[in-house]
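Labels run A, B, C and D following the written order; every chain starts at residue 1.
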Amino acid sequence: MAWTREQMAARAAKELEDGFYVNLGIGIPTLVSNYIPEGMSVQLQSENGMLGMGPFPYEGEEDPDLINAGKQTITALPTTSYFSSSDSFGMIRGGHINLSILGAMQVAQNGDLANWMIPGKMVKGMGGAMDLVAGVKRVVVVMEHVAKNKDGTESAKLLKECDLPLTGTHVVDLVITDLGVFTIDKKGDGGMTLIELADGVSEEDIRAKTEGDYTVALK
Amino acid sequence: MLNGSAEADGRKDGSMRKVFKGPTEALAGLLRDDMMIMCGGFGLCGIPDELIDAVQASGVKGLTIVSNNAGIDGVGLGKLLETRQVAKMISSYVGENKEFARQYLGGELEIEFNPQGTLAERIRAGGAGIPAFFTKTGFGTKVAEGKETRQFDGEDYVMERGLFADIALVHAHTGDTEGNLRYRMTARNFNPMMATAAKVTIAQVENLVQPGEIDPDTIHTPGIFVKRIIAVNTGEKRIEQRTTRKRNDATPAAAAGGGTH
Amino acid sequence: MLNGSAEADGRKDGSMRKVFKGPTEALAGLLRDDMMIMCGGFGLCGIPDELIDAVQASGVKGLTIVSNNAGIDGVGLGKLLETRQVAKMISSYVGENKEFARQYLGGELEIEFNPQGTLAERIRAGGAGIPAFFTKTGFGTKVAEGKETRQFDGEDYVMERGLFADIALVHAHTGDTEGNLRYRMTARNFNPMMATAAKVTIAQVENLVQPGEIDPDTIHTPGIFVKRIIAVNTGEKRIEQRTTRKRNDATPAAAAGGGTH
Amino acid sequence: MAWTREQMAARAAKELEDGFYVNLGIGIPTLVSNYIPEGMSVQLQSENGMLGMGPFPYEGEEDPDLINAGKQTITALPTTSYFSSSDSFGMIRGGHINLSILGAMQVAQNGDLANWMIPGKMVKGMGGAMDLVAGVKRVVVVMEHVAKNKDGTESAKLLKECDLPLTGTHVVDLVITDLGVFTIDKKGDGGMTLIELADGVSEEDIRAKTEGDYTVALK
């Protein structure tokens, strides 16, 4: 009955390839780093100015000068390099990062993405999200299939059109939810395609919880 | 700019002409109401905290602050918010700051959100004599509203303007008396671009050394960009999110986390 | 790109996947007629000479070469000119090169002169996802002919486009097997931007080391930009203008000299 | 009777101020570095990526990795920093260099400058000259007052309008020739003003060899 957060992260990790440079968003995407296959070289970029991000430090070894884009203390690796914010986003915008895995509030069937603000709520800012979705070659969204509202109802997140303010237009290549996996032909007119079902999930389960149009081509 | 005797304004002599005694002396004569100040740092990492304290103490008001973040309550730029010295922030993410939220929701504080990469590039452009450039970032979003858009080779782009401030405050790990700077790890962030993008850049450094002590191949900010420099105490630096792992942890906890800050 | 077994194409195994045996192996599968190649260096300083030799040996023709200069007769890019493999140069200054002059005046070689700073910025922009930017440089001159011009804040600017090549050849002093590079003194010049502005960047380094051996705060080009790397012999490097002073010289000879190269 | 090259360089050195960052062109401008007053801190920029340029090396100590923009071997100083060409021209175009002293073929009374090509002759390129005149705060030209032609005649170089292809428009602040010194109101409509005469030179000597209009306000 649907994937756990860990299973979603493990599925997202299948998008990694040897030699990839990858930027991971906060939340479930962060967990993906636990599923990098042994022997595969994947360098993580942190957009505040670092390539080759290591794990959290041992207690007592935190360094205030060494944080990731989530402002968490981290460590370096032998492969690490540091650079400025403008160099970091030059790297991102210039298409040098192979893959970005990030969360979303809404994704539309044309690849539009909303994940930075909800009108009427305090806006904290888009940070680096708009640059990442615009600049990174391949964008993978990992999110719950539906949003749970305070009144107990559910709202679809995979939509015909996003109604929240956009982070980017025609940017999402792949969506991994707790219920399944969709590809999106973000630059063409191929639309959205359901390609995998999570364990114990049926096509009908997904149909009931998806507002956007999609074709089915299960692998 | 650097008039007055070395004694009178707290500077030292001769080859030390850029070196000032402390943050108050280094800002003397530069601050006025309604000016634009760039402020280095990402979160609390690499922020020019002592220089910010001196801006607070000066009492100047109506400031436009260019900074990726807005500090936290009582730390960094959070202090200038408490004293209501800030009229406008140009930032990419303001995080968890109660005083900020209160003033913003109450209409007392204006905020211009820029995508982080656009903000970084606007500052870099301002310092490099580029008045405007095109970027894919934000096309088709609120960020592009009111801005010129344009296609190049079939892709859509937004035109963004360079940013140039009255003063820039930066923090570096090491600096020499000529103003050459070197940053440490991710404390580099916005500091190098900001150092280039203001009429007067003031640097606080943890280690003030003599010219020649920094390997010239490893200088991040050439001295030409730094007009005034002070040495600061390297006391305990603040950490915003202390995340660790246990020594007996078999699978190291993930440490990624970007995308929205 | 990096298909094929490590043995077959001269690469080494595992963590050495970016490391190739020599310049010919490092360029294997990448060269084709009529492609655009960026070539680092200023004069003969910091040029990727062994990689240029391998391009010559490959016999590819009709090349567009982006390089600040064009080498000298028989050295650096001068070699590719001798074998008539170059169709077009994008440069700021071509200096004293008889073969270059012969082909250019004979209409065999096209040249697009860019102001040096515009050339550097076009390359930096291409690598950083900036399709176009505005600069003061060249406004009102031949360089601006046919280009969009525009006023910002009362000043006149010319719009210039980013440059992105098929491959970039760069030279660094030190590189690690991950592709992280560090340049030495003025041999840095155009190499760092070019490393970012091509589909595939190949680096020749004087010292090939293991990851972690270069201080990460001093890396000029992060490894992400470098797809292939080779170690080269550090034989005698060529000097274009050997200028010296005598040991008993009381007033050191002037060493400035910019403006037109 | 007129200034020597050394005297022109010495006059140009009077434009230097303590703490200045200066770019010197080849030819006479290079000589200016010999006239930096003792105790004055002037850092020379070389646009190929260096601030704090030192003198030529001692014989046998030349380093092929250390050259200036004229491709000559040079040395470093304790104040030296190295940077890339894009950072170098960011510095230049961004207005951070206080003063550029360079040679010229022609200067017009409105501050236009021509110094990079002669139609019909082999063009070598403008190098960094266009960036320097456009970006540096103050531009000083040091040149012979007239050009000597092959047939023995002389041509004026201080003109109403340049007829050679321009390096920049409205860029020159001060012209130092072997005969005297002129200011130019490059952004305003104040035109060109003769402010100094070289030793043994009269106003009439200058009048005879100057095509451009100028007023006289000798100091």
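Here, a residue touches a chain if its C-beta (ideal position, glycine included) is under 8 Å from a C-beta of that chain, and two chains touch if they have at least 3 such contacts.
Keep in mind that this is a model prediction, so the values were computed, not measured.
Engineer: Quick one: point me to the chain whose Cα centre is farthest from that of chain D.
Structural biologist: A
Engineer: When A-B is set beside B-D, which has more C-beta pairs in contact?
Structural biologist: Answer to which pair has more contacts is A-B.
Engineer: Where the CA atoms of chain A average out and where those of chain B average out, how many Å apart are those spots?
Structural biologist: Here chain A and chain B have centroids separated by 28 Å.
Engineer: Roughly how far is chain B from chain C, centre to centre by C-alpha average, rounded to an integer in Å?
Structural biologist: It comes to 33 Å between the two C-alpha centres.
Engineer: Centroid of chain B to centroid of chain D, CA atoms only: how many Å?
Structural biologist: Here chain B and chain D have centroids separated by 36 Å.
Engineer: Express in whole angstrom the distance between the two chain centres, defined as the mean CA positions of chain A and chain D.
Structural biologist: About 55 Å, centre to centre.
Engineer: Residue numbers in chain C touching 2 or more other chains?
Structural biologist: 121, 124, 128-130, 135-136, 183-185, 188, 216-217
Engineer: Quick check: what residues of chain A touch more than one other chain, meaning two or more?
Structural biologist: Correct list: 45, 76, 82-83, 86, 89-90, 92-93, 135.
Engineer: In graph terms, with chains as vertices and touches as edges, which category applies: line, ring, star, complete, or other?
Structural biologist: other
Engineer: Strictly by the criterion at the top, what is the full list of touching chain pairs?
Structural biologist: Those chain pairs which touch are A-B, A-C, B-C, B-D, C-D.
Engineer: Provide the residue numbers of chain D that touch chain B in the complex, in ascending order.
Structural biologist: Contacts found on chain D: 18-19, 21, 41, 43, 45, 51-52, 76-83, 86-87, 89-97, 135.
Engineer: Can you list the chain B residues touching chain C in their complex?
Structural biologist: Chain B residues touching chain C: 121, 125, 128-136, 152-153, 155, 157, 161, 182-185, 188, 215-218.
Engineer: If we count contacts the way the header does, which residues on chain D are in touch with chain C in the complex?
Structural biologist: For this pair, the touching residues of chain D are 23-26, 29-34, 44-50, 53-76, 82-86, 88-90, 92-93, 100, 102-103, 112, 115-116, 122-132, 134-135, 165-170.
Engineer: Contact residues on chain B for chain D in the complex?
Structural biologist: Touching chain D: residues 2, 15, 17, 124, 126-130, 176, 178, 180, 196-197, 210-212, 216-217, 219, 222-225 of chain B.
Engineer: Under the touch definition given earlier, write down the residues of chain B that touch chain A in their complex.
Structural biologist: The touching residues are 42-46, 68, 91-95, 101, 104-105, 113, 115-121, 123-124, 135-143, 173, 183-193, 220, 237-247, 251-261.
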